[in-house]
Every structure is written in structure tokens, then in C-alpha cells.
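So the structure is just underneath, and the comments pick up after that.
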Amino acid sequence: MSENRFAPITGTVMPRYAGVATLMRLPYTPLTDERIRDVEIGLIGVPWDGGTTNRPGARHGPRQLRDVSTMVRNINRASGINPFELCNCADLGDTPVNPVDLNDSLNRITAFYTEVCRAGIVPLSVGGDHLVTLPIMRALAKGRPLGMVHFDAHTDTWNRYFGDNPYTHGTPFRRAIEEGLLDPKRTVQIGIRGALYNDSENDWGERQGIRVIDIDEFQAMGVDAVIDEARRVVGDAPTYVTFDVDALDPVYAPGTGTPEIGGLTTLEAQRMIRGLRGLHLVGGDVVEVSPPFDPSGNTALVGATLMFEILCVLADSIKRRR
Amino acid sequence: MSENRFAPITGTVMPRYAGVATLMRLPYTPLTDERIRDVEIGLIGVPWDGGTTNRPGARHGPRQLRDVSTMVRNINRASGINPFELCNCADLGDTPVNPVDLNDSLNRITAFYTEVCRAGIVPLSVGGDHLVTLPIMRALAKGRPLGMVHFDAHTDTWNRYFGDNPYTHGTPFRRAIEEGLLDPKRTVQIGIRGALYNDSENDWGERQGIRVIDIDEFQAMGVDAVIDEARRVVGDAPTYVTFDVDALDPVYAPGTGTPEIGGLTTLEAQRMIRGLRGLHLVGGDVVEVSPPFDPSGNTALVGATLMFEILCVLADSIKRRR
Amino acid sequence: MSENRFAPITGTVMPRYAGVATLMRLPYTPLTDERIRDVEIGLIGVPWDGGTTNRPGARHGPRQLRDVSTMVRNINRASGINPFELCNCADLGDTPVNPVDLNDSLNRITAFYTEVCRAGIVPLSVGGDHLVTLPIMRALAKGRPLGMVHFDAHTDTWNRYFGDNPYTHGTPFRRAIEEGLLDPKRTVQIGIRGALYNDSENDWGERQGIRVIDIDEFQAMGVDAVIDEARRVVGDAPTYVTFDVDALDPVYAPGTGTPEIGGLTTLEAQRMIRGLRGLHLVGGDVVEVSPPFDPSGNTALVGATLMFEILCVLADSIKRRR
Amino acid sequence: MSENRFAPITGTVMPRYAGVATLMRLPYTPLTDERIRDVEIGLIGVPWDGGTTNRPGARHGPRQLRDVSTMVRNINRASGINPFELCNCADLGDTPVNPVDLNDSLNRITAFYTEVCRAGIVPLSVGGDHLVTLPIMRALAKGRPLGMVHFDAHTDTWNRYFGDNPYTHGTPFRRAIEEGLLDPKRTVQIGIRGALYNDSENDWGERQGIRVIDIDEFQAMGVDAVIDEARRVVGDAPTYVTFDVDALDPVYAPGTGTPEIGGLTTLEAQRMIRGLRGLHLVGGDVVEVSPPFDPSGNTALVGATLMFEILCVLADSIKRRR
Amino acid sequence: MSENRFAPITGTVMPRYAGVATLMRLPYTPLTDERIRDVEIGLIGVPWDGGTTNRPGARHGPRQLRDVSTMVRNINRASGINPFELCNCADLGDTPVNPVDLNDSLNRITAFYTEVCRAGIVPLSVGGDHLVTLPIMRALAKGRPLGMVHFDAHTDTWNRYFGDNPYTHGTPFRRAIEEGLLDPKRTVQIGIRGALYNDSENDWGERQGIRVIDIDEFQAMGVDAVIDEARRVVGDAPTYVTFDVDALDPVYAPGTGTPEIGGLTTLEAQRMIRGLRGLHLVGGDVVEVSPPFDPSGNTALVGATLMFEILCVLADSIKRRR
Amino acid sequence: MSENRFAPITGTVMPRYAGVATLMRLPYTPLTDERIRDVEIGLIGVPWDGGTTNRPGARHGPRQLRDVSTMVRNINRASGINPFELCNCADLGDTPVNPVDLNDSLNRITAFYTEVCRAGIVPLSVGGDHLVTLPIMRALAKGRPLGMVHFDAHTDTWNRYFGDNPYTHGTPFRRAIEEGLLDPKRTVQIGIRGALYNDSENDWGERQGIRVIDIDEFQAMGVDAVIDEARRVVGDAPTYVTFDVDALDPVYAPGTGTPEIGGLTTLEAQRMIRGLRGLHLVGGDVVEVSPPFDPSGNTALVGATLMFEILCVLADSIKRRR
């Protein structure tokens, strides 16, 4: 492991606002780069929002997170973790996508992540809308349904839209369960809230065994108890972490497609993610950052910082497993 | 009751961002429409801010809430209430107003609501500045002083401005008490805070018997105790709910005329409104949404969602009374 | 013809910012409404941007134009035309679309316009991205290739994107020519500019016979000569007018997907459209208004006003033909 | 004349963004200040928009122009005029107003300007909406109808709104003519455009003898010819200059209540105002700057710079008369 | 003490948005004004951000706080304190600065505050970036190291940047301790969080004896216990209060140079400041308000209100000492 | 020359909004990269605004231009030039700077450009404020004063600020002339306008022989004549092109530190730059793009497109010289 080659550029030498922007100021290392064989965690953008049924713009998420994540430093003050010392991290660039063809995009994304997995790299991604988690899982979960810690305002387990469309950002986890990529009994959804179209849609996930902790239960339990419950649900088998920024109250993340008021605070989210330390984590993502609806840029800052929080527990998990 | 005629258009057929925008995607049903006789709850805009002493713009509130309220779905996840199944709801359009004549506007608004009441329709309104609640009450409270649950940063019981002006958005509830429209002993004000001009103005309401729960007392009591206290104050007689969005901390509602820091969270507000279930509710409003000061649009989203929360308890209350 | 039923609501009675927003304050008259048989010009929204290869958001165009077009009054000061006196105009609402399926959307849009045409209504549309003009033309041009006056920064006659995708907002007019909907020899493109990917793509249209007046030739000729040339090209056969707001310099229309600096002024655009008076016009549209990229709202104002300018010459043309 | 006491603070000593903001960095000199007797030109704010029929916010104009006008330096590069050397200039603060009472506001404004005139001070004002010019003229034009050079998109000579309201920002000059404050035969209106409600309203002013140069005629004549025509109309008797920023195209001045596309450029406006040099000018104003609709702040910059241009010709005119 | 001369202008006579903007509507009283001898608390702007290593703009803080602080009234509802009755307060204007020379700026600022102290005036300042607190302390702490209650996301006790630069907004308190201006054992830092570059930098302050209460400890202790701890640390010797708005979560204060998510709420901040009542306070400041990054203006509102909160405990402290 | 290695990524394969953002999508090639020996034109960012006397933010210019310049395609439609075919172009990254030390920054910038020149690379830069042109010229003009085509609202030939500071963004060209880097007799300044502090400062440049074409003369001459005059002035000796975006009217470029109304249009600017084809060009820059003041992003789009226009004439000039 070469610390020097994969360390972020420090802000005391090159100002944090300067230079070519990469995710967390890591070296841009595409899959064709020979240094790729040393990469352990790959930070990846998925610039696509073709599954969005309401306000678009999440396709611009990776570009903006490259910009804003240059604000993040190295050491997590709360946990003491320096992920860049634990693992070789790099920005692998954006996956190929096709803005005008949904199915082609899903295939391109899966193909990219298949290569990433083949190279032995653990992916930490930034979307894109939440449908992008499905093609990621198709590459990641081959032959073994994953557990999942899922932060969101919505369950994303609906069935069909606009007639008979199976693929939108409201359906990825129903598809993932149907395809055997996701184990509903090892899935916990946190922060669920907002109004519904009908009751039956809503119950499907829980009927499969998903543990739904809606915002009212979250408030009643408190962060520590929710952490315990989430750890209990996913156990010690391979687990994926997915964070839809609309899990947060929209004051923290206005730049998203389907905001719902009354959500998590960032402090709660940070504490939750830190509480996942020690789980068997095999990947993660932050999705639904939509820059056109983010006039102050705070959504991107939140997205970048939560990506760093996930990176910390992910690097720690990988290090422990070796 | 015809469910079909007054159901909101569903977002799984027509995207929520599409179509002519009406309040909560309900059918636009002006008072002259023959379908009006079936309407039980009328959603009404009052596009007027002539009582505003500082930053204007609340006149644009109804238009923006028509746009943003199309984001709201049917079923309140927390309470299970689907207001559109309980009552026939419709968008009655905006009241007549006169942007350049305060007294004429008050009269036009009262005249409109008098017709609404005569048609047996319970009004749920969106302002407009807080002065609009006065002409609404003049129509609604004829012969019986109402109780009121009042969310606000300010008591709005001041007396005079700029010499001898009795009507501004800081005075409606003093006038309402003086006119016998509002029973101060059945009035509770929640979220009050901010600096004052003088003490005597401030005491007037409490001297009349209003129960003021300022933000410090609110924090000390907690949401559940405040709900209990509010229910105790208003009892089971007819009660109005008025929500000035400046009750919320301005991070949730920057788009308002006189923001005060240190306010309620939206989650607290939602839980408070849900706690009013079972009261004898006869109307409600959300006021002081000022789009020109709302760059991210979050104030409108909050306003629309709280309007839906009030609609749920209002529809439930009407259903119970029949 | 009933003038009263299809007149815009006047701003001296109901303030222009108030009321349910419809296109130019016209009565909302869906195809199922019985009044539809009296409508001569139908204002229609196409809330879809699935053909967009770069910045999305044009799906929100119709909603925002409903809001802002309430600023427009009745009589064109420059030409003296009052389109609402010449023809019965109505807002027909938005076409069905499918945000997650491009081909399904094209079919839904064509089906809607086929009904519109069958009802004898001349359509004036607001997009949506520029691909929406293709399904409109499929309904409108049955059996007779149309002429076209096309304002744009781009020729939109490219062939394929992202591998082999024939349908994007950069390809509609190549497809329209191939399908026999558009007569290239009666097509004039005005305002073309910006950098290119390659020369051959660019030449295709001109090789088919399209008359391209790029921005430099436009400046050299002057507005009056360009009007003459456009009239000469399209002649007196049926002609469609399509206005992509990126024809304008982006200071006038920043809210669009692919802005190019150095474009038309609004005054030039207004004069150009007025110069089309007397042509045989059979429809028109304004496309690529993308509200998320329009912080000041000026793009929508421009879009609404140019839509009114097109409405004036369209109504005049229809009136003359009867 | 004391140059030192009334000179703007220079930006090479105190940065232009620093310090208490006054109009053009002049000393704040209220009417009660003893230095007032030396003031020759008084810069005055009228923070009131109660005559606005559509989008409000011009009440915030004076505050924002105080901020932005600190960007202006001393010497007009084009004309060589340094107004601060020609006349003692001061910021007289804002007039009293009453945000909730139209008639009271008109009276307060007239009373303030009556004092200003009595002190022999020539007023240069910033609104506020355009109705504020009426009470200014009531103080300024006592006994002698003024000539006027009027830049605007609208004639502001309409008669009644919302029933029978004589006073709105669309009516001031009809009232001024009726009251004998304004001589229609020495009035020129420049930049008029936009759609109309009806023809008769529109003709009234021209029937009184006003010379209307609409935007098309302006373009056809060119700036120099319009200057000549304006000078011919007003002659050498006392003349007022009023500049509604909606005379400009809204790309230059989006922050205004009733924008109309296709307007003047700032360069045309600057050249027009410079062309008024040598007229007998007795006051001027810039109105309808509405900061809440001005996200980039350019409207305020334009307003402040045009106020400086008017100041230059006003100071020159005063100097010549002494 | 003359109440009249130093009272804020009341908003019931002059609207709060009107008039020349001074800090809290107090009379502008530069050091050269003869009334300066009666001033007890001087509100001062330091319009300088030359120590900023990332996003600039805090130089515009004083100007914007002058604007927004006109929203603040007289009496603190929570504590009952009316600071303007307790002490003569005035706006002393901005200090001299040099935007292009760091060392010259530090000297100019210290010189200004030396005069302020010599006049017996207690300073309450608004920055500017956090480096401005250093030159203030150089004037204020002559011969006696001060205690400090410091609200911030960062410790600002780093050593060097960009080679060997000792003065940036990340280093003021290391310098202050080295220079004997600040007593680390009577210093408490509240709200610290965010990622770090390295551990050793971070430990320096605590090794000197600073009591650091980071955000996790803050949450665990609760506001009341933190108040007790802060009071214990600073004791009853002279103490300075410095509030960097990035102590707050960026949803409350997006307009700042180095935001860190997961911070204090404004309500927590207000309660903390009120808890300092009775300490021996000798000055205070609010820093790092950066208007260019504050699209909704909420950061300025927060900054102005917290400045008022500090003013209340400062005036109370001064009154007690007399 | 290897076309493949230095070609921009095409938007028909990778969407233009996707991927790691580099200037014009060129390969990032720092000076330490071995491919640097093949680079002929180096695109370079100078992320520094320490010379700014008013509104800061230009330090963020390079980052934003990396983002927005991905919108630019390959072939200049107007001139037919494809600069990427003429020369090997690369993004060399940002120069080292020191945000808190002006002199250190000037030295670091000069050192970087000295290496660039030594490598035989022609620099095309993006600032940063206008002071950055001075250290660039110090590297570029060794031993031979350059000619210069200078677009700006200001002459930037002032002498001292804030006492005795010789280096600000208002002084670079006075210093450059004094240091023998710039030949005033081969210097033309285009677009100059705005108010002045005093006359003598203003005359200095013209007294040295600079040809100043202010905005009025520009309008009177027309673009073609100004091109001729500029070509005459600089002749066929080595010439630098510097474009301060405040040369443009602020509607095109609001995001800049010292905007002046009444400026150039982008179309005029584009035509001017194209008119420089065939000159002996040795470098160029675009400066004063300040993203924090650019809510719509248009300034960055303009900056990126003008940078492409300069690149076209620069590549053509280099190609001709070989």
C-alpha cells in the first residue's frame, strides 16, 4: 500500500477551492489506469437521473460533489478514523450512462461495476437518482443477497408507474428483492415518512420482512437504539449502505427530487453512520443530490460529508477483514 | 358523496409536476360552479398582503402553494387519515382582493367567506398576510366567539401602527377579540418569541386570558404536554387553527415577512397539528408564505404540507360531527 | 363563437398574480370538456424533457409558463392584434407523458395531438425539450410535409447520440424530414451558432435544402431582410413556427438546457415573429424553457411573451383563412 | 459652498463596500440637521410600494440603492461632469410613509417634499413604486405645470383599477395632469411597449398631447433623434425626469414589478439621459427597483448608475442657472 | 445618560426596512463625533476577510448586518433585558482596513480599537473573518490575558499555512495565547467538529489548557450543563465572547467560509449566550458572516440576532459593574 | 503531434455534464507529467483574488470554468477553426497561490509560468483577478515588452491604493509598463467606461501612448473599425490578449468584482476576438469571473466561451508560426 500515491491533496499547500476537482481530492484513476490495481476503495459517480418521476437534476450530483468534497479533510474527529491511511482510495470517474435510454443506462452501469468488482475494488458511489443502486447491486450482489442499511424518506419498493414501468427511482428495492440481490430480512429502512398514494403499496416491503423505522419511531427510539436495531437486522453478513439525501429534512437537503418535510438532522445521520462501524460493509452510496434545486449548495456539502462518514466505516471494515 | 369527482389527480398517472396546478391537485370549483353544493371543505387562497408592515410578498402565497401542493399525496402516513375519502374537498380559487385598498380588501374577503359559510363549506385557507384571518373570522364567527390554536412567533395582538392604524398583520387578534369573534380564554398561542418594542403591548393578550406558550416554555414542556395544554384551553367548542409560518424557525420558512430565529421545527409542528385530532374544528389557515424571499422553495413546501396536516384533522373532525 | 367564455380574466378585476394559473388566464378546457367544440386555438403544455442530453428541467416549463403568462394582457401594442377577439382560445392542459419511457412518451404526445387535430383545434404548445416537436408534427403533418420557421441556436438535425439513439432533443428535425413531416426546402433556421462536434453533422440539413441563417448572417442582413427571406422560403403553404428559447442570447433566457452566448435579443425575436403575419400558419411552439436554471424567472417571462406573439400571428392567420 | 463637507467618501481610503451606506456615499443630512441649509441637491428615498398592483417589493429600493450606489465614483467619464464639485449634495434619508395606508402615505410624502422645496433643495429621489412621483410633484409643481421626460414601458396614465381606485402605480400621470401638476404638451414618454387591456385607456395620454415614443419608434429613430425630439417637447421651461427601470429590458432590470421584454439597453438609457444636459431640470427620480426580484443585484446597480447620470445633468443645470 | 439620543429608531414610526441602515438602528457616531463621549457600548464593523483561506466574502458582513439588524427590536423577550435602556449604544461605523495588505490591516484595526478603549467604550463587533478578533484583542487585552467563550466549528489554534504564514483565520487564538492576550485556562470552545488535517495541530489548544466541548460532548451534556461548565472555566475575571457563525449548523448559517455540517441550532446558541449573564464581559463579536454565500439572507438574520443576544448580556454586565 | 492524446472528450459518448471536469474536457497534464513535452498550449487556472479592492470571489473562477467549459465543443462555427486539431492542448491545472500573502502569490505565479515558458508552452489562463496578469507577464515578457489587446471597463493603470499599495487589480498595467513588460505604444484598451475618482489617474495611460477606445468611441466606430485599429496598434510583434469580463455589460457577466453598466455585448466580444486572427499572439487570459456573484452561471459560460474564442486565434497563430 502506497500512502503517498492515494493521499488527498492537503489544503495547507493547495487551497481547498483550487485545482482540478476530484472526489475528496483523491487522484483520478480510471479503470484503464495502471495504478488501478492498488486501489482498494473506488469513489465513483453515476451521473444519471432517468428514473426520476418528478424533479430531475440528480445527474449533476457527481460533478457537484467533486467540487464540494474538496472541503473535506482527512481525519474524522468523532471516530478518529483516517480512511486514507487505512485503504488506498481513488476517484474512478463517472460510469458510462445514456441520458436518453433507461435500459441502456442500467446495463452500462452494471457493466462498469462488474469491472470494479473484478478488480477487487469496493465501490462508494454518488448518484444520480436512487434507481442507480439497482444496477450497482446487480454487479455487487452476484450469488449472495446483500443486507442493507437504507436511509430515505421513501421505501422505494413501489411496483409500477405510468402504466407498466418497472424501473423508476421509486422501485429499485422491489426489483432488487425480486432479483435476489437484496435480502429483505436483512434490510432496515430509516427515516421513512410523508404522505402515500395507497396503503397496499406501502405494506409490500414490510410483508417481505423489511424492518421499517419511520420518522416517528426513530424519534421515539432515539439514535442509539436505532443503531442497535439496525445492527441487529443486518447482522454480520455482507451489507450495503445507501443514503438518499431526502432522508434528511429538506432544510438540510433542499436540492433533491422529492423532498418531504419533518426528516432527520445531519447530526442524527452522522451519528447513525458512525454507529455502523464494525459491520461487514461491502459498498455504499449517496444519492438524489440535485444541484439545480440547491441554491445555497448545502445539499452538496451534506452529501459530500456523509460520503466521507460512510468512507470512514467502509475503510475500517475493509481493514478489519484483511 | 362522490369520491371520484373530488379526488386529487394521482401522480402515478399524471406526473406531480404536470398539469394545471390547483391546491392539492383538487378540482377547481368556484362558488359559481354547480358542483359547489357537494363540496364539504373548500381550499381557498387569499392573495393579499396589504397589512404587511415590513417585507411584502405574501400576496404570492396562494399561487405558489397551488404549485407546490401538487407534491402532496393522499394518505397521512402518521395518522392513517385520507382526508379526500372523508370529505369532498375542492379548490375554490382565490378570494377577490384589492391590492391598493386595505378596507375594501377586508370587505371583499369577508363577503367571499360569508358565501362559503352559507354554502355549508368549511374553509381551509392560504394567505396572504396574517391580517386576512380577521375578515375570515368575521364571516365564520358570526354570533359565537371561536376558540383558536395559533402558531406564530408573534402574538399579533398589538394595537396601533404608524399613527393610528388599527389594521395591520400585527393586530388581527386584538381586533377579533374586540369584535367578539375570538374568545381569548379559549385561545392558545404557541411558538411566541423574538424581541419586543415594549412590555405593555405584549401583555395585553395575556391580560385578556390568552394562554401564551412561548418557545422557551414549549421546549421545557415538550410537544405532548403542549398538545394537552392546547386541547385543555380550547375545549370542545368550535375552534379555528391558524398557522403563521414564522412560528417555524426561519431555516424551515425563510420566505416570510418577519422571520425570528429560534423557532419550531417542522416535525414539532406536524406533531402538534396531529395532536389536535378530535377537536371541534371549524376552519384553518396557513399564512405569511412570501415566495419572493424563498429562494429554495422550502417555505412553500412546508406551507403546503402543514396545510395537508390541518386538512387531515379538519376532515376527521367534520366526519365525526356528521 | 362566444367571446365571453374564452376571454382571459382581466387584471383590473382579479390581480394578475392571483387565481388558478392557466396559460394566458384562459379557461382550462380539457379535451373531455363539452366546451372544447368551440375552441379554435388550443394552448397546450408538453411537460417532458426525456430527450435532453445535458441539463434537464424543461419538463417544468408548462407549469411555470402557466404562472408567468398571467402577466400578459390582451392587445399586442405593436400590431394591434387582440388574438382573443379573433379566435376562441383555451388552455387544454398538459399532454400525457411518461417521465421514464421515451418511446411511450412520444406515442402519448402524438395521440393527444391527433385528438386535438381531429377536433379542428390549432395547437400552440409549450415544452418540454425540442424533441416534443416531433410527436406534435406526427399528428399535425399527416400527408403533407409542413414548412417551418425555426428559431434556435442549434439545427437539431443531428443523427445519433450515445451509440445509436435516434431520438434526442438534437435530432427531431432530421427524423421529421426522414418521416416526410417536414419539407426541408420550406424550412428556415434562424439564430444558429455555437461550436460544433464535426462538420459533416452540421452540413446534413443544408444538403437537404434547409435555409440556415446563422447569427452572423442574421446580423449582416438585419431583421427586415431576414423576415423577407423567411417568408420567401416557407411560401404560402402550411407552416409551423417553433421557437427554442436558446435562439436568444442566454442573458434573456438563461433557463435552458444548452445555452450558447451571442444570440438574438428579445426585441429581434419579437420583430421576427410579427413579420410572419399573413403566412399560412398551422401551429407553433415555444420549447426548452427550463425553470430550475432560471433564478430570476426571466426565461419564463420571455417564453410567455413570445408565445403571445406567436398566438397573435396564428390567430390572425386562422381568421384570414375563414 | 464647502466641498469637503459634502464630498462622497473616496474608495481609495475606505473600501467601497465598507462603512454605513448612504446614497453615493454622501453625508446623511436629515432635514433637522443644521448643515441642511447648505445642501443644493437632496438625494431622497421613498420606501413605499402601496400603489403596486402586481409584484411588490419596491419599498426596499432605497435601502438597496444606498448599498449599491457606494459603487459609483465621482466623475462621469463620458461627460466630464463631477456633480459633487458643482453642487452640495447630501443624502436626506427616507421620507415618512405608512405601509398600510395609501392616502396617508401620499400626504406624508408631499409634506416631506414641501419642506425640501421650502429649503431650496432640488430633489433627486429613489422609489418606491411609480405612484410616489405624484406626491413629489404635488410639492414641486405648485402653481406651474412641469414638463417631463418619462422613461417607462407603460404610460402610467390609466384611470381606475379594482373598481374605482384612482391611485395606483398605473395612474400617477393622469392624476398629475388632472391636478395641473404636469403639462401634457411638454411631456415625452420613451420606451413604451407591452400588451394592453384596451385601446381607449391607451389613447388618453396622446389625446392630451403627450408625445409617446414607443420602443419601435425609438428603434427606428435612433438615440440622437429621440434626444432631439425630447428636448423639443419639453423646451426650456422647468422639467422633471422620471425613470421607471422597467423602461429597460428586464435582462438589465429583472427586479421590478411589471417587467416587459424588448426594452431599452442601459447604454441607450445612459446616452438618453446625457442628452438632457442643458435643459431646465428641477428634479428627478428612479423608481420601481424591487430588490426581492433581483437575485443578481443588477437592477440596483443599474438604478444607482442611472441616478448618478441624472445627478450629473441636474447638477449641471442648477450650476448654469446660478 | 441620555436615553433619547441613543435609542434605536422604532419600527412603529419608521418602517424597519426604511431609512439609512445602521447597526440595530442606532445613531451613527464615529469616533470624531462629539457625542462619542457618552457612548458606553460601541457597535463596530470590521469589513475585512484577508485571513480567509477558502471562500471569501466576510468583508461584506458589516454592511449586510447593518441592513438586517434593523429587524431587531428593543427588549429581549426571554430575559427581559432592554440593552438600550441599560447603556448608551451607538454604531461607530467600520474600522479602517486595507483589502490588499494583511499586516497593514491588522495594524489599522488595532489602532482603531485602541482609541475605542481609550474612550472607555466597550466594543461589540461584527466581522470580517475570525482573524479580526486578534487585532481587537491586542487593543482590549493590554496587560491582562482575557478569558474567552468561543463558539465555533473550528478551534482556530492552528499554527502555519501555505508555507510559513502565521496569520490566517485558522490561527488567531494560537497567536493570542502566544502574545499573552488570551488565557487558555480561562478559554472554552463550544461546537467544535469536522474533519481534521492531522492530530497534533488539533491537540495544541487542549495542551495549553483550553476546555474544548465538541459537538458530541455538547449533545451529551445538554445546554444547561454546558453553560455551567463555560461559567466555571472563565470565572469572574474579564471575559470576551466570540461567535463564529460556523458554530451553527450550516442550515442556519450557509453564508460562511468553511461550513461544517452537524452544528448547533440557533435556539441552542441563544440559550447559551443568555446563560452568560452575570459574567464579567468586556467585549464580543460575531464573525464569518459571508453574504455572497447567503442566498436567503438567513445567515445575516442569525448574525444580527445573536449580536443582539450578546449585546443584552454585555449591557447587563456593564450596568452591574457600575 | 498526437491528436488522440490531447483531444477533448466528446459529448456524444460521455455527456458533457459528466466526468471529472477539466478545462474544455482536455486531459489534466501537470508540469510533472511526462506528456507535458508534447503540449503546445497550456490552459491554466490562477485561483487567486488577493488584489481585489471590492467584491472578492474571482479565486473561484478556475474551478467554475472547469465545470462550465465542458459545455464547449470543438469547432468554431464562425471561423471554422478547430484548435484541438491545430495544436496539442492540455489543462495544466492551477498555479500555486497563497490566499493570505500577496507578494508570495505573485512570486509563486511567476515561477509557475516561467516553467511553462521554459517548456515551450503557450499559456492561456483563467483568473483570478486582473492582478494575476502581471506575474504572468513577468514570466512571458522577459527581455521584450509585449503588445496587448486589453478588453476591460477599467484601464487598470492606476498607481496606489489604501495609502501606498502598488499591487492591486487596478494597477497591473502601470506596473507592467514601468517594469518594461508591456509596450504602451502597442497597447489598446477596449470597452473602457464608468465613473472615475480623478482625471489625472485616468490620463496616465494615454500619456504613455496607450490607445484607449472607450465604449462611446467603440459604438461610434463599430466592431470592424475597432478591429482594424487594434490590429494597427499592436502590429505584428508578439502580443498578449487579456479579457476582463467586466468589459461586457453586467447583464452578460454579473459575476465580477466591479461591474459597470453600459458595456459590450458578447456578440461584439466574440467578433472582436475573431478579428485578432493572424496577429502574433503569445498568450492570453480571461479574468475577474467571480462565481459567488453569478447566480445564473452565465458569467462562467461567457468566460468559458470567450476562452475558447481566444484559444482558436491563439492556436491558429501558433500553427502559422511553425
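Read from first to last, the chains carry the letters A, B, C, D, E and F; within each, the first residue is number 1.
Simple rule for what comes next: a residue touches a chain if its C-beta (ideal position, glycine included) is under 8 Å from a C-beta of that chain, and two chains touch if they have at least 3 such contacts.
Note that this is a predicted model, so its numbers are computed, not measured.
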item: Chain C to chain F, fewest steps along touching chains; value: 1
item: Interchain centroid distance [CA atoms averaged], chain B/chain F, Å; value: 55
item: For chain B paired with chain C, centre-to-centre distance based on mean C-alpha positions, whole Å; value: 40
item: Interface hub residues of chain F, defined as touching at least two other chains; value: 15, 17, 53-55, 59-60, 99, 161-162, 251, 293, 295-296
item: Pairwise chain contacts, counting only pairs that touch as defined; value: A-B, A-C, A-E, A-F, B-C, B-D, B-E, C-D, C-F, D-E, D-F, E-F
item: Contacting residues of chain E [partner chain F, same complex]; value: 49-57, 59-60, 98-102, 104, 161-163, 165, 167-168, 292-293, 295
item: Interfacial residue positions of chain D with respect to chain F in the complex; value: 10-13, 15-17, 71-78, 251-252, 265-267, 270, 295-298, 301-302, 305, 308
item: Of chain D, residues touching chain E in the complex; value: 13-15, 17-22, 28, 45, 47, 59-60, 62-63, 66-67, 91, 93-94, 96-97, 99, 295
item: Residue ranges of chain C in contact with chain F within the complex; value: 53-55, 160-162, 192-199, 202, 214-216, 219, 249-251, 254, 258-263, 293-296
